[in-house]
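Chain naming follows the written order as A, B, C and D, and within any one chain the residues start at number 1.
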Amino acid sequence: MAALKKRVYAVLEGRDWADGTTRIVNGLLIGLIVANVISLMLESMAGVRAQFGETIRVFDAVSVVIFTVEWLLRVWSSTASPRYVGAAGRVRFAMTPMALIDLLAILPFWLPMVGLDLRVLRILRLFRLFRILKLARYSQALQTFGRVVTRKREELITLLMVLGVLLLIASSLMYYVEHEAQPEAFSSIPATMWWGIATLTTVGYGDVYPITTGGKLLGSVIAVLGIGMFALPTGILGAAFVDELAQRRLREGGQDSAGSEDDTPDHCPHCGKSLKVEREAVGSE
Amino acid sequence: MAALKKRVYAVLEGRDWADGTTRIVNGLLIGLIVANVISLMLESMAGVRAQFGETIRVFDAVSVVIFTVEWLLRVWSSTASPRYVGAAGRVRFAMTPMALIDLLAILPFWLPMVGLDLRVLRILRLFRLFRILKLARYSQALQTFGRVVTRKREELITLLMVLGVLLLIASSLMYYVEHEAQPEAFSSIPATMWWGIATLTTVGYGDVYPITTGGKLLGSVIAVLGIGMFALPTGILGAAFVDELAQRRLREGGQDSAGSEDDTPDHCPHCGKSLKVEREAVGSE
Amino acid sequence: MAALKKRVYAVLEGRDWADGTTRIVNGLLIGLIVANVISLMLESMAGVRAQFGETIRVFDAVSVVIFTVEWLLRVWSSTASPRYVGAAGRVRFAMTPMALIDLLAILPFWLPMVGLDLRVLRILRLFRLFRILKLARYSQALQTFGRVVTRKREELITLLMVLGVLLLIASSLMYYVEHEAQPEAFSSIPATMWWGIATLTTVGYGDVYPITTGGKLLGSVIAVLGIGMFALPTGILGAAFVDELAQRRLREGGQDSAGSEDDTPDHCPHCGKSLKVEREAVGSE
Amino acid sequence: MAALKKRVYAVLEGRDWADGTTRIVNGLLIGLIVANVISLMLESMAGVRAQFGETIRVFDAVSVVIFTVEWLLRVWSSTASPRYVGAAGRVRFAMTPMALIDLLAILPFWLPMVGLDLRVLRILRLFRLFRILKLARYSQALQTFGRVVTRKREELITLLMVLGVLLLIASSLMYYVEHEAQPEAFSSIPATMWWGIATLTTVGYGDVYPITTGGKLLGSVIAVLGIGMFALPTGILGAAFVDELAQRRLREGGQDSAGSEDDTPDHCPHCGKSLKVEREAVGSE
């Protein structure tokens, strides 16, 4: 039993992709997730829904059953890991972000069975979107992105606060300037914020824009400030992303720093890139 | 009295957040500022104003009284600080940016009582927006942003001048090219500048755009130049922002500089890279 | 014959621009490509097509014949290069990206002669666009760009995946929020993705935009996330592009590496900074 | 005479701003340029032109006379500089960019007097815009910007070529996909390029956009590629701009590198910033 649990855990966590069972099980799970995302999109199309609505519903039910079994097996086998020993460990495992996503992806299907109101249900159907996030377990890209955002949390919150205060001031001023000329589009400060976001992010749908001279002057200043809104995250996220990918490569490379015994550095002390190949090339001449 | 003044100063300046009174007083002030910002937004909504207009006016009056007491206490207690000794020190304190913001946030309420014209008053109501900026005292995010902008003052002014000249040339040319085809939208050079800003910042509302072939050619060139407008601040602001946050972390994590016994720093205070190797290299010459 | 083949290869590959024939042949080929691109554009204009349609068709035929001869000569002479010896070498040459582009640029003209359906033909005419890409052989700019994209392949795929998942979640949520209010514009999740792309890339045509309060709130969040979409590739592509150009300059300015007599490089080949000091430092230990 | 010439040259070139005459003359010239730019803008406004047209024309004539005298004095006194000795030197001076701008700014006024056609004249009036560029002589901001663009010439041309090819391919494909559904907006490949520019630069006016599913798919891909168009110049221009400003500061600072005699570096070898202050601060403890 303990051996089976260990095996189930190893397979589901996808530790060893050289193992055939691991490859097949996880491959099927990835395929099912992608199929679920496609089915979610298809179901939203009226024509498809009319014709294949029943099929999609059946496919959804089958998927949920499989995902539920997956979630139960994960929670059951989690105690095989030294990190989640005993009942407390199992609860801790069930509280990890990925396990919670797994749970939220199946919950909306089972809840009505325990007697939940239908209106709440409609909102809960949105939780099917969490199935997309199940992909994060298999995608290094999404994990890298997640780590970058986590590492630069503080900077991003700073930026959002600055953006928020800027948006509030810009929208308040614009409301006072433009409200009289366009009482519909700039009906209140919160309503004006929709214009503020479209301008500061430079999206500029064109559904609302100032028409008075004062409003255009103010709008110009805010549009220019919007350029700054692009400048700040660029320095932060871009550098962190490059960094994160370089570290991942180092982790995967490993052997880079090991065997060198000569008195010259292996990596450029400025940019961290390898100097090995170049040197050998020169040395062999 | 001197001890009370010192205490009031310490509490209001929020020097020691471990102190209970400091935490409570500043917490209440932050709450009041946020409530004022929300009330400003709510008041602008016709429905809310109709129903709760009186309540909001009373809340505004109460807030102003509290903010006035806060300002008076700050100015009175400022002489407790060695930086603002005597009457001259008090005046200097009242002239600091944060004290001026505090004053401007309450002034529009008291001014009509000394007999100011009502039309001027309407504009002065805009000064209530300064209450948002009172948050800057408590928000490291806004302070960081402010410092970045201050440090890169010169670069930003350079950029604004380039943007201004570019905008002027772009709009003048476009006016000559497009005026005849669209005498309304491109009625004059200043009017064409509204199109110029929307294009150079890539907001592109779509309320004005060239329709002649010449105008579209010119507009294309200017839209491409707009990309450059995003490129320049990015290098400047982004790097400065990362820098500023790194320095703040260094200031906060004081122990970094503790253990070193020689009189030269180990790391460059600007980019954080080690200075060790280089120094030894020079020493060994 | 072998000498002629060698000469044809050298001329067509443009190895030695100091050679007169090479300059003339390649100059004419570049001119013909540019003329073809212009003719493609002119042909799409109804007025020009009506008047010069026949001329353009003749010019197209002549061009294809020349490009076919060029392709045949390239494939025939390829075995003159030590890299493509024998029949297998010739096939390998024909499979290189540039040779394939050359083939695809002429194929749609010859295929109907072997009896292809006319409807397929219309799509094949698009292949004439490949003639633009023939310029890549002569343009260092396009080659540099191609190398940057190739080197940063992994990062770019990561970004596209993140963008894809973000787009999917944003569009699904928006569909649920806005579908009832605007059943036309937000008719399904795939249809809503058109709005999602316009917002995340901040293009914002303004043909679709949310009108409900919930939709505007969600749209605001997504527009702000769109700023992040600009931040990530900036750090990656910008740095790689600067790097690539610096390396190209190093390759071209060969004399840089000449005078040094020891077997280690003086400058990091990646960032160009001196490695001297560090090495001496290590050596003196 | 030679002394007067020398003095005129020194004053006009603004070598020594501590000199009273230099300050007054150049101050007046800057003021006149700014006044001319404002007058150009005012003249384009129908209301102002109707009322003050005559005044503006007189002001324009007076300005041109002053600018002509300025240009003549500059050319006459240029031989006072060792760089422009003799008649050949004078011609070389007249061919410098700034001298050409000065000439082009006055030429359109004098040309009709030598009997030029009136229709050509209308276009020549555009040359009055060159008066804005006369400011470049006095603005370090514009000079810095000019130097950055000059230094990164090669990179920017590379980018423009990539952008051009991308635009051509995108517009050609879009024309084939969308022409049938919207024969007006996507009437030809050159016409479709207007859409292409608006999308690749993310301006997105919203006057043209694809409506077919194929067109929207293609438009999505191109909008995402537009993000890349922002990423590339950012790395190049941003870094070059920061660099240029740092160099200017070094040039102005000068004394930084002089008096240091101790064995520690003055500047961080990584980022080039001064290490002086920090070290002295630590040393004085």
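The rule is short, and it goes like this: contacts are C-beta pairs under 8 Å (C-beta built on N, C-alpha and C of every residue); 3 or more make two chains touch, one makes a residue touch a chain.
This one's a predicted model, so the numbers in the text were calculated from it and none came from an experiment.
Peer 1: Based on CA centres, what chain would you say lies at the far end from chain C?
Peer 2: Ranked by distance of C-alpha centres from chain C, the top chain is B.
Peer 1: Looking only at residue numbers at the chain C/chain D interface, is the share used by both copies over half or under half? Answer same or different.
Peer 2: Here the answer is different, because the shared fraction of interface numbers falls below one half.
Peer 1: Select, from B-C and B-D, the pair of chains that is joined by more C-beta pairs in contact.
Peer 2: Between B-C and B-D, the larger count of C-beta pairs in contact belongs to B-D.
Peer 1: Could you tell me the distance, in whole angstrom, between the mean C-alpha positions of chain C and chain D?
Peer 2: Here the centre of chain D sits 31 Å away from the centre of chain C.
Peer 1: How far is the middle of chain B from the middle of chain C, if each middle is the mean of its Cα atoms, in Å?
Peer 2: Computed from C-alpha means, the inter-chain centre distance equals 43 Å.
Peer 1: Taking the mean of the C-alpha atoms as each chain's centre, how many Å separate chain B from chain D?
Peer 2: Chain centres of chain B and chain D, defined by C-alpha means, are spaced 29 Å apart.
Peer 1: Using the touch definition from the top, which residues of chain B touch two or more other chains?
Peer 2: Within chain B, residues 198, 202-206, 230, 233-236, 238-239, 277-278, 282 contact more than one other chain.
Peer 1: With chains as vertices and touches as edges, which is it: line, ring, star, complete or other?
Peer 2: complete
Peer 1: Touching residues of chain C toward chain B in the complex: what are they?
Peer 2: Residues 202, 204-206, 234, 277-278, 280-282, 284 of chain C touch chain B in their complex.
Peer 1: Within their complex, state which residues of chain A touch chain C.
Peer 2: 37, 40-41, 44-46, 125-126, 129, 132-133, 135, 139-142, 144-145, 160, 163, 193-194, 197-198, 201-207, 229-230, 233-242, 245, 263-265, 268-271, 273, 275, 278-279, 282-283, 285
Peer 1: Sort out for me which residues of chain C touch chain A in the complex.
Peer 2: 154-155, 157-159, 161-162, 165, 168-169, 172-173, 175-176, 179, 187-191, 198-199, 202-206, 209, 216, 219-220, 223-224, 226-228, 230-236, 238-239, 263-265, 268-271, 273, 275, 278-279, 282-283
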